[in-house]
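See the structures that follow.
Two complexes are shown next, each including chain A; its partner changes from chain B in the first to chain C in the second.
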Partner chain A sequence: MISLTGVTKRYRATEALTRLDVTLGDAGIVAVMGRNGAGKSTLMSILAGLAAETEGSISLLGEPLRRDRRALRAATTLLPQELRLDPAVPAREMIRYLLRLRRRPDDAVADLIEVFGLTGLADRPLGTLSGGTRQRAGLVYAFAAATPVLLLDEPTQGLDPWERLRFTEHVARVAATRLIVYSTHIVSDVEAIAGRVLILEGGQLVHNGTTDDLLARAPSVWQIDADAADLAELGTHGQVSGVTRLTDGTFRVRRLGDRFSDTAKPVPPTLLDAYIAVTGGAQ
Partner chain B sequence: MAGAERRGFRPGALALPLCVSPLALGWALGAYGTPPPGVSPAAVGVHRIMVWLVPLCVAAVVGYGTARTGTDPRVAATARLDLRWQWWTGHLPVLAGVASAALAAPWSLSVLSGEPYAALLVPELAGVVVALCAAAIVNGRFAPSPGAALGATVIVTGIVAVVPYLLPFAHGLALDATLANWARGEATRGDQLSPAVLCWLALAGSAVVAARFLPRDVSRLRWLTMEASTDD
Partner chain C sequence: MIAHHLRATVQARWLLVAAVLGWVVWICFRPGGTEIGAGFGLWGLGRLWAVTAPILVFLVVPLLDRLWHPARLARDWELAQVGGLRAGLDGLANFLAGYAVYAAFVAGLSVVAAARMNLLPVLLVTAVGPLTGGFIVLALGHLVGVWWRAPIARYVTVLLLAVLDAVNQVPAILLSLSGTSRQARVAGVWEPALRGTDPSPALRVDQGFLATRLGLAACLAVLLVLAISCRSPGGEVRRRRWPIRRR
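On to the complex of A and B.
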């Protein structure tokens, strides 16, 4: 569907993306992960046709795109992380307006309002709705636009667990026929639905593969129970991928890499361990 | 869809003309002016209001009031109509309000001063069109902060609407040839639709078109790229 070859994006002295080579298929779910400032939103905006690469090339359906990105914008719908809209306008009206603006059909709006649990809320002004509810209204717009590619920038931000579940179910259904690229920090979401994971670190693509491929990159993981005083010490000598408080006030710590203590027990790696290991280089 | 507000117009902008209301009142009543023989101070005053104050007020109100308003540009940029044209379609109520005020103001001042309606209307409308084009270019093409938009729009409009009367060699560029003559101490009237008016309107129109096509595609707009990547 979309191919990026050697794509670099610079903002004055800052290089937001460095020589990215990615090919995205016609359908499925691709998760884009990375720490804050890793270049996720820059990648999304290039895929959405809102930003042009400084170097490299992009093709859509095998056709190289020149300077004009209208075809890319028509094929994609970007739901930004923080969509800024008039708070006085009711959600349903705003969704229809955005679709009209893009000359997209609005016949799926009523069904999607039900899918995302907005019945009874959709006719209230956006300014009176909670952040999570406004986020769901944004999702209704994005899915109703029905473009071949959906680009969702941290779509589950502000959603409660029930809403996230509803989102996950719907995304999984839609991804059978459309390509969904979404950026997230939530590893459990990726584990649940993503067929493929792209991980950016400092503007570079450090992982491009399935969740199993990512899991395979996890180093050995060791678990140890420690008190508060030992916690900081554990962090200085290795990469900690998880800390859980126990009932007795001590902490269960997961650490990556070599065995560092006789009392450390080996445990199976998780996707979060792998993600921490892959993105931990610049720490 | 969580996030900051983005209204269609910044209502506080409507208070900006109050800054010049004492000057406007003084001019309308015939104060602060030494007209050439045979010309009333009130006539000079209303010409100044129409061709200086009204375009500058429109520039301030529209430039500030529409800066960073309307639909989120990251969605608006994906519409069929180019983002830079959308400034005009997205602010139609504002433009209608400006048009109504621009047509009504010369009538009331014409009654007050005895100046012909057309003699006030034509140069005033030319100044207002220049102000609107300046606001469209500043906000549609460059999208600066509201304060910067206010400054840029007022400066550009001021260069066209006010500066030619202040420079001794630039009277031929004035939107109101009558006021230009009076400013030089000549009690004669000039053409209402002077070559300067036509030139400024053509230049303003050309600038709007140039701002639309340079760059040709919105993905090359630096401010949009920055806006789209701020969530990184």
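On to the complex of A and C.
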């Protein structure tokens, strides 16, 4: 569907993306992960045709794109991370307006409003709705646009667990026929639905493969129970991938790498361990 | 699209109602319309501005600022991933929404004036001139604001509109807001009290006047679409003015 070859994006002195080579298929779910500032939103903007690469090339359906990105913009719908909408306008009206602007049909709006639990809220001004509800209104727009590619930039931000579940179910259903690229920090979401994971670190692609491929890159993981005083010490000599507070006030710590103590027990790696290991190089 | 943009004028619409009521009070207080003519005097001028100034400050300026907010429009266009002609047409719809509020104000005023003077042809003077002339001045100001990205242009437009409307004696056909009333005044029948002479024969729309303004209004609408198209994302992403999030 979309291919990026050697794509680099610079903002003045800052290099947001460096020589990115990615090919995205026609359907399925691709999760884009990475720490803050890793280049996820820049990648999303380029895929949406809203930003131009500084170097490299992009092709859509095998056709190389020049400076004109209208075809890319028509094929994609980007739901940005920061959804800034006119607070005076009701959600339903805003969604319809955006769809009319794009010359997209609005037949699916009523159904999607129900799917995302906005019935009864859709006719209230956006300024009176909570952040999570506004985010759901954005999701209704993105899915109603029904473009072949959906680009969702941290779509579950601000959603409660029930809303996230509803979103995950819907995404999984839609991904059967469309390509959904979404950036997230939430590894459990990726584990649940993503068929493929791209991980960016400092603007570079450090992983491009399935969740199983990512899991295979996880190093040995050790678990140890420690008190608060030992926590900082554990972090200085290795990568800690998880800390859980126990009922007795101590902490159960997961650490990556070599065995560091006789009391440390080996445990099976998780996707989060693998993600921490892959993106931990710059720490 | 126009209906969508008009939602942004909730505040302005209330102000519009208040403004029309203000005008009604003023017109009823002293019959004779809104024109500055012989016998109008400093007292009349003062009263005119006492009503006009709050209308401009509390109606037109907030209207322009709220409704024609370029940052809001740019955000919506970015979210919808549109630019070029589509953004241009939406920009025109947005302008027309603002103009519709202005036109409603003018129409309300005209109806009150005509009813008060029991003279239907007065509508030609108080409606046709300000409607076409107002469109031209507002569109010009909008165009300047879009092209030079200078919000101050919109406020200068308001002032220009106010001055032209109050003076109403600019000889250039391009700028005169009420050519019809100028004809009436030249004919010597347009006085504050409208007594003694039947002004009906003079109160007619000059075909040349109307054709010039309608043509100019159409040209300005096209220019507006083109200007917004060029200033919006368009088909070329290399333009740095496209609101790219820097990350």
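Following the convention adopted for this analysis, the second predicted complex is superposed on the first by the 283 of 283 C-alpha atoms of A that agree within 3 Å, B and C clash if a C-alpha of one lies under 4 Å from a C-alpha of the other, contacts with A are read in each partner's own complex, and residues count from 1 in each chain.
Simple rule for what comes next: a residue touches a chain if its C-beta (ideal position, glycine included) is under 8 Å from a C-beta of that chain, and two chains touch if they have at least 3 such contacts.
Source: prediction; values computed, not measured.
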{"item": "Combined model on chain A where chain B meets chain C, clash or fit", "value": "clash"}
{"item": "Which of chain B and chain C A:T156 touches, first, second, both or neither", "value": "neither"}
{"item": "Contacts of A:P87 with chain B and chain C, given as first, second, both or neither", "value": "first"}
{"item": "Which superposed partner A:G132 touches (first chain B, second chain C, both, neither)", "value": "first"}
{"item": "Contacts of A:T270 with chain B and chain C, given as first, second, both or neither", "value": "neither"}
{"item": "Contacts of A:S241 with chain B and chain C, given as first, second, both or neither", "value": "neither"}
{"item": "Residue contacts with chain A in the superposition, chain B compared against chain C", "value": "B"}
{"item": "Partner chain in contact with A:S41 - chain B first, chain C second, else both or neither", "value": "both"}
{"item": "Superposition clash, chain C versus chain B, among 40-48, 112-120, 148-156 or 184-192", "value": "148-156"}
{"item": "Common interface residues of chain A - those touching chain B in one complex and chain C in the other", "value": "11, 16, 37, 39-42, 45, 48-52, 67-70, 73, 76-78, 80, 82-86, 88, 97-98, 101-103, 141"}
{"item": "In the complex, chain B residues that touch chain A", "value": "1-8, 71-72, 74-80, 215-220, 224-226, 228-232"}
{"item": "In the complex, chain A residues that touch chain B", "value": "11, 16, 36-42, 44-45, 48-52, 67-70, 73-74, 76-88, 91, 97-98, 101-103, 126-127, 131-132, 134-139, 141, 153-154, 157-158"}
{"item": "Contact footprint of chain A on chain C as seen in their complex", "value": "1, 4, 7-8, 10, 72, 75-84, 86, 90, 233, 235-238, 242, 244-247"}
{"item": "Sites on chain A touched by chain C in the complex", "value": "11, 16, 37, 39-42, 45, 48-52, 67-70, 73, 76-78, 80, 82-86, 88-89, 93, 96-98, 100-103, 141"}
